[in-house]
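What follows is a set of structures for review.
In what comes next, subunit A is part of two complexes: it sits with subunit B in the first one and with subunit C in the second one.
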Partner chain A sequence: MAQDGQGRKDHSRVKIGLVAALFALAFAGLWVRAGWVQLHLGDALLTQASRQSLAAEFEYGERGRIFDRNGEMLATSVQANSVYASPFEIADLDAAATAVAKALSLPRKDIRQKLASKKQFVWIKRQVSDREAAALTRADIPGIRLTTEYSRIYPNGHLAGQTLGLVDIDGHGLEGVERLYDARMQPGKAKFVVQRDAKGSRLYLDALGREVNINGLDVRLTLDTHIQHAAEQALANAIAQYKARAGIVLVVEVDSGDILAMANQPFFNPNAVKGSNPGQRRLRAVTDVYEPGSTLKPFLFAAALEEGAIETDTLINCENGRWRVANKTIRDTHPRGWLPAHQVLRYSSNIGCAKIGLDMGADIYANYLTKLGFGEKTDLGLSGESAGLVMPPAKWTSVDLAAISFGQGIGVTAVQLARAFLCLANEGVTRELNLVRTPAPNRPNAAVRVFSPETAATVLKMMRDVVHEDGTGRTARIPGITMAGKTGTAQKAAKGGYGDQYLSSFVAMVPADDPKLLVITMIDEPQTANYGSMVAAPVCREVTVRTLAYYGKVSETLESVVAERVSVDLLADSPLDQAMALPTEHPETDTVPNIQGLSVRRALELLARRGIVPVLKGQGMTVRDQKPRAGQPWPTEQQTEGTDDVFILWLS
Partner chain B sequence: MSTTDKTLIWMILTLLGGALSLGLGAVWLNIERMDLAYDLRKMEKSLNQKEALAVKLSVERNNQVSPYQLKRLAGHLDLGVAAPGQIRRITDTQ
Partner chain C sequence: MSGTLNAKSTAGRPDPWLVTATLFLGGFGLIMVLSSSGIMAERVYGDTYFFFKRQLLYTGVGLVAMAVCMQMPRRLLYGMTYVWIMAALALLALCLTPVGFSVNGASRWIRLGPAHIQPLEFAKVALVLYLAYFFARKQELVRTFSVGFLPPFIVTGVLCVLLLLQPDFGGAVVLAGLLFFMCLVGGTRFSYLFLSLLFAAGAGWLLISSSPYRFKRWTAFLDPFASAQNEGYQLVQSLYAFGSGRIFGTGLGAGKQKLFFLPEAHNDFIMAVVGEELGFVGMSLFFIAIGFFLWRALRICIKLEDLQDRFTAFGVTCVLALGMLLNLAVVLGTVPPKGVAMPFISYGGSSLTASFICAGILLNLSRRVPS
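Right after this comes the complex of A and B.
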């Protein structure tokens, strides 16, 4: 220990040493503590910290969409808010109930009851509108929260409503295509980790778990919205006109078996399930079994021709419209005597058909019906499909065989009938119906030849005569195109026999010699008329015309033989066969009339009558302005186009 | 103080300075990361809202071009389905 000049001892070095030792001890203590915390307690503390700062978050995907064959959207899911409550967080129950009831337009009493619950979580209202959600957000009620769900929307309303089906509030398919492809369209769930700040707000942490596509897979149908609409419109008009109970229209593309339209009346709007009843939701084309009546007769003729039981000109005695089989009397609507076989179909003689059926025998005819698919479900796979009703041939009495020969005593669905006619249209080879394009149906090629091509062609020729000769299907005739058709007017079974209600039906195939399109119409219990030729045939005609027009295949002429090609020069001189009648509401005047606000078409018709071809300026379908103005004299021929246009229309 | 001691002191000071800089850098990066996380969250929400709106607009579009709406519009404009005999197909005769 050093001493200074005055003999005092210098303790500074000791002090410094002590301080250094203290610091060293403190640092060592901290070091050891840090090591303890980091190395020994590290994992546990890390877990605790993660629990505080990280949270798991779930994301639910969107249910797969449904499209038509052209990619038009038929069903999709949109985000919607659902309202729930955490009742234990609500301080003022009455005030909260009042505010929620006002925002959601619900009875206050019901809301208060829910908010008074002892549960931790209570749904208040699911899938509310954006307006309601905004009102609730503005109200900012403690304990009332919004969460996001997906609700199912069908942009086309009731278009193909029964075929599309419906989903429940949790997005599970219950009927139709929604049910059939529920597993495919079901969305997935993704879980990922997010960070939480001190307030509990959630922050982005990393991309893990976000890259997976959790949306359900889409489904593309074979339906075409425009043809479906045409079918629904025509059907609805007929149902209203004849005060019928229900109806079905099926449109099938023959080359592929694709169902282009499957209309069912009464309509069902899947956007408004609550207001619907089971009768509206039923997809009648697959669920309802009808006795087809005369529309089954072409198959009898095909079978009989194939078996050699008849030739087209075999004479058959139609007994002048009245004939007894066992103890039953069969009647014809149009009594005839002896008829060649092809005219039996043309005039739809029940007696003639019964005789052909009895000649052929039950086993043979039943075998053909089975091969055509009657009595078994189609492989569309839709829920509720019926297999129809076909008795075993061993149980058929002579009366049964006679009745089945003209389409009574057998139950078929519309899709079964379509599949059977598809066989006739496809040169006698069976072809399955398709409702779905994507996913492509995975099935083995089970095509079976039922009839020879010659037999199929012969029956189509007979069916052509039904429409184009003096047959029962004349009302379905379309100028410029050949059609093979068959009417059906089936009595409906009632308690103890047949009642006074009918099923009117019509089957059309165009063109007759090589069908590309198959249209089936069934009108159930029409009241003001019964005959298929009156009730169902015009529907088929309208649907066929609209479908052909949609595809641009409507005939140019009104002759059935339309393959001719006319030069453009000749066309200029030949007026259109069915040129539109000129409107009468704008009589000719000495001065230029006011044509502002008219559609372009009307304006052009009006001016065409004066021999004027106006210059059109701008785009649009309505006339916005005109030159010369209304009231001025008609332009003279001296005026030339260009700087001094004869007549100008500005469009908007 | 020897040259070696001086070098040692400089090295220690440099290391301490480096550690401080790295520490400050880490803090700055963490702040930036949090900012970014807030921004990303906001953008995520905004994207979700826009996607939801896009779906709703596509539904509206599909409703507007649905056959029922088109038919009504066509009716206003005096347009209708072509009947047989009302169509001319002009083919090249050359």
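Right after this comes the complex of A and C.
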């Protein structure tokens, strides 16, 4: 047995050797295979591998969206097709040019010129219609390709148009919030793109292989669409009524400094940049510098009270409407004799203010104006913002000091004025204005006490009398609500002095004793009336009422009752329900119009007028189908609540 | 027979070169698991070292298992052959019960507390121990059909059926391969072997053509680029990885294919990451390393005097060699893809521990190599 075993052992040794040789052969074969794959096929595989992993040159993400404070969409992006050419791949230039020209309805000559380029890449037409894209796909011209881009749309049309700003065709923000937060909203670029599965779902990775979201980040503003809408509507009505050149309405929430509305007329629809002019695109609330006139007076009073230069009942001689300072004569619209200080503000006496200013002195008054932020940009950061115009006090003559005391001879922007009034409303402590909620503004807390709480309260009390006693602001009165207000009717500087054009303004703060809301209206060059009390105060009033109604602070019924009782001759011919309707070229109907065939942009604008942001299904630039159909009633508010597919548009 | 066992049990030194090679492969595996899984782990688990830490733990477990196997008295190892094989059968059967844990429709794992074990890896070792025992003890009967041929085939067959039920076609092929090599060396008649080879080939073909899923994978391997987005995806990505490596590779950690292109980059396709990051030079060095390891292992087999020692050593060598061969063949696109882990290198506790157990058994037996 041992012998037998011994014999077989040798046998198995040989066999093990055989198997070892077999293994060696197999491993050698695999080693050769590895060499073949890595060395011989390496280049080709490397090329293929990098082609699949490197993101294409035009792997664009979606630009970040802009929302209002409640999450209503103000700006978004939709996919669009763009046509480009790789000229070196085109063999037959003439045939290609003809085919492209036909598909895109462009002049053949221009196309041919582009195709003859020596570049690797030439845009033929950006953001083409789906019909054109389809025609091009059918034509299947070598070297001509389609790529997906995003184009910007603003669902609410001109609503807050200047604030939102605009982007160029490459998606770079040029103005407004689009420019201010361009870097944030810019879509990221993926270094690599992974085809996750056979279905072609894609995953974007950065250089370290981490998944990245190549869509830009969203921006959330402090604006409230409803209030912005109310402000724009009231402003548009006033401008139309008084044939004014331009106008601004600012609504600020006092407790936070949030700008709830920033309306600038003439309106600008960022969906239609081509047809717009620079005058429409101006964000007047930050760019335009005005001499504010009497609306600046409350600050003079606050400074004088704070300095002890006056008491509320200090008697001031208003000189019966004419008073000479140096060689200039100052006039009052409503001549008065001796008045206690608080009535000087109520009746807005220029002479009284000039005396207070002269009494206090240039340095002290200028110091207050500086602390309030005049002559300095706000930190909103919007492009084109003006710092206003405040001369150094050392250069002020007595005439200058007198003028600045009643709001002439100093240039301010609407936002500067708002910031200054915010200080008064905030018990004398400065507070910055906010336009953006997300990203949260990152700034040091630079709140400074300018006035004592008592001073601020006293001035507010004086401003309350402007509205609630026989002051200049009576037209802004709202029953049941106390309001602190101040009118302004500033003569606008013209060649060689002051001309016959005016800036009518009104500032309203409600409630008067502890303001929560600040509304500023400026109407530039009204033609049929001048006075702030007539032109601007009703706008402030309407905006305030509608804002308070929106917040549920006054009832909707009060709104119309108020309209009848207070609106004297000016508002009588524009009852509120009519004022509620937006200025529109399309008559409002009770049923849904036919939207099919319209461009997405146009359809969105149309629906935005009804406060509807439809759900978009499919891709494309034209509306193929709609729900509800034409002729059906509009979806009601109740239906809109909670569901987001009340109105659906199918695109193609 | 048992007399010879006792007489020759003089304790020598374990083969130091084999120890070195084993530790080298284990260490290299750790590095490659970190390199290939870091980014994926970061994304999925938020921890770059998620897989690395686990592999480190498994390596610790593996080293302990190796030490145990190295020191274990042979009598215990051999005496419990039937226990091992019954345990393997039971564990494989457990996979099919609710205790089993399935991924992508294949229930190849058993849940054991927080860990999942893959019984196949241990079944290989158990089968090899059984076959070695069988061929050594039944040497005089091996050439007969009923006693020498049927039992090992039936045992292997039952294991294979259990694997096919999981389904784990690759595992069944590996076990069949082990049986083939053990029979070849053990002395089964060539005619039986040839016939069974034909039979296996026929059965294999039937299995492949009967299942559309296997058939697709089969054809995908023949021309992976034709279905680069579907069945051929893994293989194409693997070849891209090797191709991108060229001569010197992209450098450790700098490979791109593991950025989610290559599924299971730290697992069955880890060699593709090696190929990409270390290039052909690195691959050649790796071939040398496993060549050296297998040479030391086979040298021990040939030098061992006792038949059961020799067959056992040969069997565990085959477990490792077949694993390495099949894995490389799959990632290089020369055989249809099957889920075969690269011993010592691929991520996975069961595979790693089983590999260390194999090394431990080899080292144990290497002490009996007459100097």
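Criterion: the second predicted complex is superposed on the first by the 420 of 652 C-alpha atoms of A that agree within 3 Å, B and C clash if a C-alpha of one lies under 4 Å from a C-alpha of the other, contacts with A are read in each partner's own complex, and residues count from 1 in each chain.
One rule holds in what follows: contacts are C-beta pairs under 8 Å (C-beta built on N, C-alpha and C of every residue); 3 or more make two chains touch, one makes a residue touch a chain.
Computed from a predicted model, the values in this text were never measured in an experiment.
Of the two partner chains placed around the shared chain by superposition, subunit C is the only one that A:Gly35 touches, whereas subunit B remains out of contact. Of the two partner chains placed by the overlay, only subunit B lies in contact with A:His229; subunit C stays clear of it. In the superposition on chain A, A:Ala630 contacts neither subunit B nor subunit C. In the overlay built on the shared chain, the residue A:Gly552 is in contact with subunit B alone; subunit C does not reach it.
Once chain A of one complex is fitted onto chain A of the other, the partner contacts of A:Lys15 are limited to subunit C, with no touch recorded for subunit B.
Shared-chain residue A:Arg601: touches subunit B; no touch with subunit C.
Touch criterion met: A:Val78 reaches subunit B, while subunit C stays clear of it. In the superposition on chain A, the residues of subunit A contacting both subunit B and subunit C are 195, 203, 205.
Of all residues in subunit B, those touching subunit A in their complex are 34, 36-38, 40-41, 44, 48, 52, 55-56, 58-60, 62-63, 65-68, 71, 76-79, 81-91, 93.
Residues of subunit A touching subunit B in their complex: 62, 72-73, 76-79, 153, 155-157, 159, 195, 197, 201-205, 225-226, 228-230, 233, 478-481, 545-546, 549-550, 552, 554-558, 565, 567-568, 571, 576-580, 599-602, 621-622.
The part of subunit C that touches subunit A in the complex is made up of residues 39-40, 42-43, 139-140, 181, 184-187, 229-230, 233, 239-247, 256-261, 275, 279-280, 283-284, 287, 290-291, 294-295, 298, 301-302, 305, 307, 310-311, 314, 318, 321, 324-325, 328-329, 332-334.
Residues 1, 4-5, 8-9, 11-13, 15-20, 23-24, 26-27, 29-31, 33-35, 37-39, 41-46, 48-50, 52-53, 192, 194-196, 198, 200, 203, 205, 208-211 of subunit A are the ones touching subunit C in the complex.
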